[in-house]
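Just passing along the structure, written as C-alpha cells.
As written, the chain order gives the labels A, B and C, with residue 1 at the start of each chain.
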Amino acid sequence: MSADFLYLVEVILNGLMAGVMYSLVALGFVLIFKASGIFNYAQGVMALFAALTLVGIQTGQVPFAHLINAIFGTNVHHFGWQVPTVLAIALTVGVMVLFAIIVERYILHHLVNQEPIILFMATIGLAYFMEGFGDIMWGSQIKTMDVGLPSGGSLWLEEYTQGWAAEGERYYGMYLDKLDMVASLVAIVLVVSLTIFSQYTTTGRALRAVADDHQAALSVGISLRTIWVIVWSIAGFVALVAGIMWGAKSGVQFSLSLIALKALPVLMLGGFTSIPGAIIGGLIIGVGEKLFEYAIGPLIGGATENWFAYVLALMFLVFRPQGLFGEKIIERV
Amino acid sequence: MTEPLQKMEAASKLLELKNIDLSFGGVKAISNISFDVMEGEVRAIIGPNGAGKSSMLNVINGFYHPQQGEIWFDGKQRRSMKPYQIAYQGISRTFQNIALFKGMSVLDNIMTGRFTHMRKNMLWQALWKGPAEQEEIENREFVEDIIDFLEIQAIRKTPVGRLPYGLQKRVELGRALAAQPKMLLLDEPMAGMNVEEKEDMCRFILDVNDTFGTTIVLIEHDMGVVMDIADRVVVLDYGRKIGDGTPDVVRNDQTVIDAYLGVSH
Amino acid sequence: MFYRESGDFKKTYQKDSQTFPIKFDRMRYYFVLAVAFLVIPMFLTDYMANAVMIPFLVWAIAALGLNILVGYTGQLSLGTGGFMAVGAYATYKLMTAFPGMDMVTVILLSGLITAFVGAMFGLPSLRIKGFYLAVATLASQFFLVWLLNKVPWFYNNSASGQISAPEREMFGVIITGPHATPVAAYLFCLVFAVALAWLARNLTRGRLGRSWMAIRDMDIAAEIIGVNPLMAKLSAFAVSSFFIGIAGSLFFSVYLGAAEVTEAFGITVSFAVLFMIIIGGLGSIFGSFVGAAFMVLMPVLLKNVLVGGMGWPTDLAAHFEYIIVGGLIIIFLIVEPHGLAQMARVLKEKLRLWPFPH
C-alpha cells in the first residue's frame, strides 16, 4: 500500500471519530426534539456547564468563589479536597437532573403551546443564561478535564501499521487518538442503551407516546411534566458525556459551547427526530469536512472546516428537506 | 326549482373537469371524476367523510396536481399552475379550518385579498406618498364596501385572533371576496356554526351570488342547507362520482341514498 | 385627558391609516425628532457619542433589517453578522477603489450589494422552513466570514487582514477615519436611521408588507390570495439585507473605523441583533429601536454600576451581562412574546381609556 493511501485512510478514520464527537452533542438535541418538539439550542452550553460542574466538584472548587470574593472581599477558591471521579460524576448527574427540573418548572411550563420558534428562542436565552451562570459559578479560566481517560496517540497502532507502507517510502504509522477511540466506544454504548431504554421500558414507551402526540399521551394518563423532566435529565446526562469527551480532548472552556453549532448541520443531515440519523449525520460531517480540508482545503486557503458542514447541510437540505432519516414532512392543506 | 335551471341554460361553462385522477403514493383520492360548473351558479359538492371533496377543491385551486385529466377554466384548458397563479385567474377560496392571518387586523386581512389588484412596485411603496398611497386608498374603498356588506364595521381594526369563530369565518369570506373572484370555492363554510350563524352565512353566500354574479362551489355537510341554496349538486363517494344534478334529482337517487344510509347486505 | 382620540374624527382613509393616529403621539414623534437633531448634538460628549448614541443608531438599523425578515416575514435568520460584514467590506472596497465617491452613495451601494448577497442566501428559504432555515442561514454566516477572511482582495492584501476606513467628509466636516468629529458622525447615522425607519414603515404598511405578513402567518392562505412565496421571501431577504448591509457599512466606517471580520462580525453579532428584536418586539419598527437601545445601554449601565459603583472585576460584570440578557429573553418570551413595543401598546390602550378601566 502506498503511503498516500494510508494517509487517506487515516484522514477518514480521524474524520469518523470527529464525527462521533459531533454525534454525541447531536444526540442530546434529538432526544429533546423528539419528546417535546423543542429545538434545544442550549444543548452545547449544557455540555459546557456539565463539564465545568464535574471539574469543579472533582477539584473541590468553591462555587461562586469569584462572586463571593467580589462582594465580601474574601479570597476563597478551593475547599482543599479532591472528590473521587465516580462520586463527582454522580453528583454532576444530580446537578443536571436538578437543572432539568428547574428548566421544566420555570421555563417550559410557562411556554406550553407556544410556537416552536418562540421555544427555540427561549432556549437561546437559556444558553446565554447558563453560560454566564456557569462562568460565575466555576470561573471562566480554561480547566483540564482529568477523569482517567487515556489520551495521546496509540503507539501500538502506529507500530503495527508502520510496515503497511510500500518498501522504501517514509511512513511512520497511523496516528489515532486513544481518546477518540474511547469516545467512539462510549457513543456506541450510549446509543445502544438509549435504544433499549426507549424500546423496552415503560418510561421509554411513555416517551415515545409523548413524542407522537402530546394530547393523546395526556389523555392516557402520562404526565407531560414528568416526561419533560426525564427527557431533559437524559439530555443533561448525554451533555455530560459529551462534555467529558470534549473537555478531555480540548480543555473545558467557553468554545465548548460552540460545538452546539457544529451539531446543527449534523441534525440537518440526519433529521431532527432520528437517533441513528444523528450518529450517521455526525459521521458524514466528520469525514466530509476532514476529506474536504485534506483534498481541497489547501487550494482555497484552508480552514474550510469552519463552514463546510453548514454548506454541505444547506445543499443537502434543498434536495431533501427532512434529512436522511427524518420523517417525511407532509404538508396538508 | 325551475328558475335556476333556466339560468343555467343561458350561461356558459366556467369550469369543466374531465376525467380527473389523483393519487397520493398508492392511495387513490379521486378516480375519474368529471363535472362542470356553470357561470353564475351555486354548485355543491357533497359526500361522506373521506370522499375526496376537499381534494377536489385542492385540485381546482392548484394545491394538488392530478395525475390525469383536463381542467378547463373560462374557455381555456389550464396548464399545470401554482396556486398563486390561479389566484390571478380569478379563483379564490376559504378553508375548512380557518386560514386567516392571525397577526393582522380584520382590515389588513381583507386588504391582503386585494393583492392581485394592486400593481405599484416596491419603489413606489417605499416612497408611499403619491401613487402607492393613492392605490392603497382606492383599494381601501373597495374593502370598506365588503366590510359593510358583511356587517363587520365595528371590528375592522381588531386582530383576527381575538374574534369568535363565526366572525372569523365571515372575515375569511371577506378576504376571498376582496379578490373579486370569478369563482369562489367554499370548504364547509358553515361547519361548527349554530343555526343563526348558518342562516347569516347562507344569506351572504346567496347575496354574493346574486349581487356580484360570482360562481360558487361549496362543500357542505348540512343537507338542509345544500338542498336550499345549491343549484346543482355533485355527490362523491370513495373518490368516485355517484350522482350529479339538481337537489331534487340527487335526493331521490338510489345510489346516493345507499351511500349515505348504507346498503344492507 | 390629554391622550384622546374622541373629537379627532378621521374623515378620509388617508387620515385613518396614518402612522400616528393620535395627536399626542404625533406631537411626541416630532418632539423626539427635534431633540435628536437639534438638542442632542449640542450636549453630545465624545464618550456619549461613541459608547451610546452611534452604536445605538447602527444597531437600530440592523435590528430594523432583521425585524423585516424575522418579525414581519417569519423567516428566522442567524446570518446577520455575515451580512453586516458584506456591507462593511463593500464599503471598504468602494471607498478605496473610488476615492471621489461621496459617502452617502458608498453606503447606499453597500446596502444594495448586501441586498443582492442576501437574496442569494435567501433562495433556500423556498424549500426549507423554521429551524432548518435558521441553520441554513448559519451557513451564510460562517461562509461569508470565512470568504472575507481568506480572500486577500477583499482587504486589499493588508498584512494584518484588517480593513480601516479612510477619511471622508460631508459638507466639509470629517465623518469617518480617526479625525472624525463625533457630532458629525452621530448626525450622519441619525439621518440614515430616520430615513430607513421611514422606509421600513412604508414598506410594511402596504401591499408588500402585507404579503410578508401573510407568508409569516399562513403561507398556504397567502398563496391562494396570489402571493408568490418565492418573491415575497426573496424580497424580504433583499430588503432586510439592504438594511443590515447599511448597518454594517456604518458600523465599520463611522463607528469602528477599523475592523477584522472574524472579530467584528462573528456569530455573536447575529445573536445580539436577534435579541434586540425579541426584547424590543417582533414585527415592530418602534421595537427595533427600543431593543437596540436596551442592548446598548444595558452593558454600559452594568459596567458603571458593578465595576464603577461596586468595584467588581470587569469579567464578572460581563458574566452578569450574559445572565441578565439570557434571563430577560426568557422572561420576555414568557410574559410578552411581542416585546417592549407590545407593552408600550398596551400602556397606550390603557392611557386612551383612562381614567376608566374599559
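Annotations for the structure displayed:
The rule is short, and it goes like this: a residue touches a chain if its C-beta (ideal position, glycine included) is under 8 Å from a C-beta of that chain, and two chains touch if they have at least 3 such contacts.
Since the structure is predicted, the reported quantities are computational estimates derived from the model, not experimental observations.
Distance between Cα centroids is largest for the pairing of subunit B with A. Compare each chain's C-alpha centroid with the centroid of every protein C-alpha atom shown, and the nearest one belongs to C.
Which two chains touch most often is answered by the contact tally, and the pair is A-C.
Between subunit B and subunit C the centroid-to-centroid distance comes to 42 Å (mean Cα coordinates, whole Å). Per-chain Cα centroids separate subunit A from subunit C by 33 Å.
Taking each chain's centre as the average of its CA atoms, subunit A and subunit B sit 50 Å apart.
With touch defined as above, residues shared between interfaces to two or more other chains in subunit B number as follows: 63, 95. In subunit A, the residues that reach two or more other chains under the touch definition are 333.
Shared contact sites, meaning residues of subunit C that touch two or more other chains, fall at 220.
Those residues of subunit C whose C-beta lies close enough to touch subunit B in the complex are 12-14, 17, 199, 202-203, 205-211, 213-214, 216-218, 220-229, 235, 239, 283. Within the complex formed with subunit C, the residues of subunit B that make contact are 61, 63, 82-84, 86-88, 92-93, 95, 99-104, 108, 111-116, 118, 120, 122, 125-128, 132-133, 135-137, 140-141, 144, 175, 179.
Across the complex, subunit A meets subunit C through its residues 39, 66-67, 70, 107, 110-111, 114, 116-118, 120-122, 124-133, 135-136, 140, 258, 261, 264-265, 267-268, 272, 300-304, 306-307, 310-311, 313-314, 317-318, 321, 331, 333. Remark: subunit C residues 74, 76, 124, 127-128, 130-132, 134-136, 138-139, 142-143, 145-146, 150-151, 220, 267, 271, 274-275, 278, 310-313, 315-316, 319-330, 333-334, 337 touch subunit A in the complex.
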